[in-house]
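What follows is a set of structures for review.
Next come two complexes built around chain A: one with chain B, the other with chain C.
Up next, the complex of A and B:
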């Protein structure tokens, strides 16, 4: 597949008559009208996603009227008195930091495991187990997030409270973030990280697998011919050639980790604070919006604050996803050039 | 033509040999899928038709109405119970409730998206008037304080509003605190850290509980409402069911839980407290000031609080029966509410409200909304139905108010 791509290029440059004139011929046969119609249809359809995102952003802007966009909005403090006794402070950075504290480790774990899964399926495993592993990983993506949430707080939370947290603290308590108080009921950042890791794996694993699979066979065979071991080929050829695709996978996973609300809301413990360690409850931006929404209908200024939070989340998610799309979308060409360097 | 139609399959088989099975298999698969889709469609259409027919059934020519409700998850099971029984009497009317949250109930009623909005917290009369809505209470609910403290010698600890406010504020942090010991003479309290739980979602229960803390202890900051800025580090759980699960997992935990979840909490081995009345907030050591949430005690609170209202209004907090001389409770932006000023047997009591329009766009439809609510607070509110969700019947004073309010709604 990848070999074919470079080949037409010299053909284009030489402007040999074979494929190029075929297009106008077909167009003439089918009639100008139809292709113009297609163009008319295609451009609005192509613009639809952009329009939808713009619409969402516009509605959020209108609803929030950016009423709270003072310096305190970007601060680390949150306080809301629903009965209006004291002035409210809506600091969005608190939730952004919490999101990073939860999404970061989850993404790191998920990326590592996904890379292992991708390498195993593409390189090492025989076809049958490889297909099975792919199937099982993809199955994880099909589980609704609320099911992860219920599983988290019914099954995992007691286990985390009594076993996982004390064990981890016992071994790694000397590391910053791993010592200190535990979360009695088991809910908290660590459980959210665990759940998120499982939820992110199917996405990162799928993109990583395709990136590794798309590495041209020439490169792999060249590596083997030079006497490299399979592992050396993985490390020096495949990983290098698929580098940007792998980064794309990480960014797509990050988008998922930051945006997930329901499952995280159910297991993170919903405490508005920067957690002093990995065990204690905190709250991500997405889960905070999710569980405050009903109250926001009671309190107009909470609703404006939440819509502003939603705008920030939208901006973060867009940036992350665009970075991911760019990296993985550019993969086909990058593999060739990257391969050339390797 | 007929030849061509019959010829290709054998030709295929003979030409490609072994591989012919694949296309055949996929044809069978597609056939199965299409067949399944057709069957599902037929079942769906048929079921829908049958349902529509059964709903239309006996009443012949009368117009069919599906009255929609959305809001409080606490009211939802009760309305779900009432609906089908109302349809038995009036087959042309179906009640379609949804448990979405009190905030959604209020906002949907304000926007006219539903016939009935359900909420645990009343809508302020001035806001209600602005949207042409009225508060119509349909039942009395209450809230219990559950705890997970193993090995206690008594079935119910004595706790009062001051102690609870101090626990959730982080002032009292251990079960053997002198203030808890003073309220529970002779009980051996363990040296165990207290973990106070809260609701992470918007909740009428949070409104009730923070109101109790606010009215009980001067040191309580942050006000009261369906959401609250809890002390950092305290774990939050989704819904009453989440609170029951969370508390079960949390040794030393304490949580406020709606009475609808009494049986599931008891089944999980949790215990609930006897709560102190207004006097207990002043003198917490007298055991007589601690009251259990029995139906009589809850009902008595509502009676005492509501019978003597000046001016008569049902948009009221029944917490602590209204604290003499205390500030008036208010919800949301602007406006204040009178609180009942009578001592209360059980302090954590609340009315469950429905919101309906006083300027209906379809008066004929509104006739059925009013008829349903009138039925729901009178003959529909049977003891078995109420006790299923641990609600209590409205007191005569509230029923009287409701009937008067419902009579004022223009119907066709």
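Up next, the complex of A and C:
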């Protein structure tokens, strides 16, 4: 953040107003009592966002009240029979595992690339190209996820089927998860990982850039003065000083990766299974509850189960998001938005 | 901020030959620095090649088939244009922006100016949390609240309200930031001259904060424009002219979601999907450039205030 501290004034009398701290709320020195009253009256308004979060959680909790939270809910089995002949089993863990299989590699790739981008923009590139590339990264964040989806499904999938998958298997087939049957049309986990990587990068890159930029100049200058090369300063000073923020970026990226529904639904092949390898069609928690909802309107038990899944997704997203905010020093929304400072 | 580049031994590297003679170890370290510098740039290629590839293919599929009918006709079967989706998108985004801006702006100003610090902290945290809730979860919420509980079914209003829940945190957090970062000197000057709080807010803080608030609104619009998941089960779908707030509506992202799997025999629909994608990209690029312009303006303005 480029928020400036107020310049401390010389103490020239008791009437000097106390310097206003940068972030906490300001109160006029006069009318403190009235101001405090007004402050508490204002609280409900300031807490509107909290109210919205609570409302979302409350509605989902209420709608999933009928779900049978038996041990089978946390199990790896999912079976739904529309005719109601056989008893249905709604296990959420299957989808959590699938989500992890897709989000994990995507996040790892995105974090590495984002770190490289952040280091380049903060340390190596001159200001003008650095700003241009930041603008382009923000543009990446603004592209609607369905657009990634249709590009992935129509343009990339055939290429993945004929070229990318066989090539990857040729080189890495001996590794577990990289061998085995390919997905004929190209849709599957690998394509979802690829698309998701591109979608996560803008967020992780933005937060990483801010954390690297916020490393105190004293530390950087000290390193340079000791004769370290720029890369040595990055490795031994910047990366260490910004470590928390970098982890925060990874968690915020994870939040995006597990929450993405539409683009993943379009390219992953929608197959309810734990994929035997990276190429096979599979599903994720978020994409499953997205494309399955319209089949659920006529089956109350399916609708309740899906709502319960949505609740699990909400819980996971909240935990990941709070961890990310804590580590990155909050204000991720503002960082990603550019906060009016580009 | 200090850029690391051009300082330290690198500054001397112009005399590389001499230095190398001094110390092979230094030569090695400088070479490593150079390698890293170019290797890191490779990451940009890895990221921007897909971006340009996507824009290229969407353009190739969409642009040659654009006609006037694309914008004026309604889609019927395997023919027609995007008129209904364009209409619907404008109405949805317009309404949702209005809702999100009114809620987000008021909450942001109260958080920055009136709320006690503890409350403000919770508000900000909740704002960031709300921004992190997956869109499809908001979609479920909107379906239950605005389609079922109200008894409306799929409506434009329900879709816009659901969308605004997703957009609020971006307006809220930027409004809060905008009013919190008005220079302390300005505020003290106003209060010292006897201004009341609302006078200070309206006459002094508001003009300074406006560009940042607008960036938040623009960003919220870009976010709302790109969402599909919250709308599919709240706004529904309709390829006829828009008839009112309580009727379902279609939208550009929905066209892509509905038509992307169409077989070649229904090629016109796939083309419509790509054209919708192209329009979305154009609008997003325009919004991004607008954001950038506002940000520059704001920076210059703050500098003028001697902040």
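By our rule, the second predicted complex is superposed on the first by the 287 of 342 C-alpha atoms of A that agree within 3 Å, B and C clash if a C-alpha of one lies under 4 Å from a C-alpha of the other, contacts with A are read in each partner's own complex, and residues count from 1 in each chain.
Please note the rule applied: contacts are C-beta pairs under 8 Å (C-beta built on N, C-alpha and C of every residue); 3 or more make two chains touch, one makes a residue touch a chain.
What you are looking at is a predicted structure, and each value in this text was computed from that prediction instead of being measured.
Between chain B and chain C, the partner in contact with more residues of chain A is C. Of the two partner chains, neither chain B nor chain C is touched by A:323. In the superposition on chain A, A:66 makes contact with neither chain B nor chain C. Residue contacts after overlaying the shared chain place A:294 against chain B and chain C alike.
Contacts of A:76 after superposition on the shared chain: neither chain B nor chain C is touched.
Once the two complexes are overlaid on the shared chain, A:168 sits clear of chain B and of chain C alike. When the two structures are aligned on the shared chain, A:155 is found in touch with chain C, with no touch to chain B.
Within the superposed three-chain model, A:266 lies in touch with chain B and with chain C [touch as defined at top]. Of the two partner chains, neither chain B nor chain C is touched by A:97. Once the two complexes are overlaid on chain A, the chain A residues touched by chain B in the first and by chain C in the second are 149, 153-154, 266, 293-294. Within the complex formed with chain B, the residues of chain A that make contact are 78-86, 149, 153-154, 157-158, 161, 181, 183-188, 265-266, 269-273, 276, 280-281, 283, 291-302. Chain contact summary for the complex, chain C toward chain A: residues 1-5, 7-10, 29-30, 32-33, 36-37, 39-44, 46-48, 50-51, 53-54, 57-58, 61, 103, 106-107, 110-117, 119-120, 122-141, 143-145, 165, 168-170, 172-174, 177-178, 180-181, 184-185, 187-188, 191, 197, 211-212, 215-216, 219, 222, 225-229, 232-233, 253, 256-257, 260-261, 270, 273-274, 277, 280-281, 284-285, 287-288, 291-292, 294-296, 298-299, 307. Across the complex, chain C is touched by residues 3-4, 6, 17, 19-20, 22-26, 28-29, 36, 38-40, 42-43, 45-50, 52-53, 55-56, 59-60, 63, 112-113, 116-117, 119-120, 123-124, 126, 133, 135-140, 142-151, 153-155, 198, 201, 213, 217, 220-221, 224-225, 227-234, 252, 255, 258-262, 266, 286, 289-290, 293-294, 306-307, 310, 313-314, 317-318, 320-322, 324-325, 330-334, 337-342 of chain A. Residues of chain B touching chain A in their complex: 100-104, 106-107, 121, 193, 195, 197-198, 200-203, 214, 221-230, 232-238, 242, 245-247, 249-253, 329-333.
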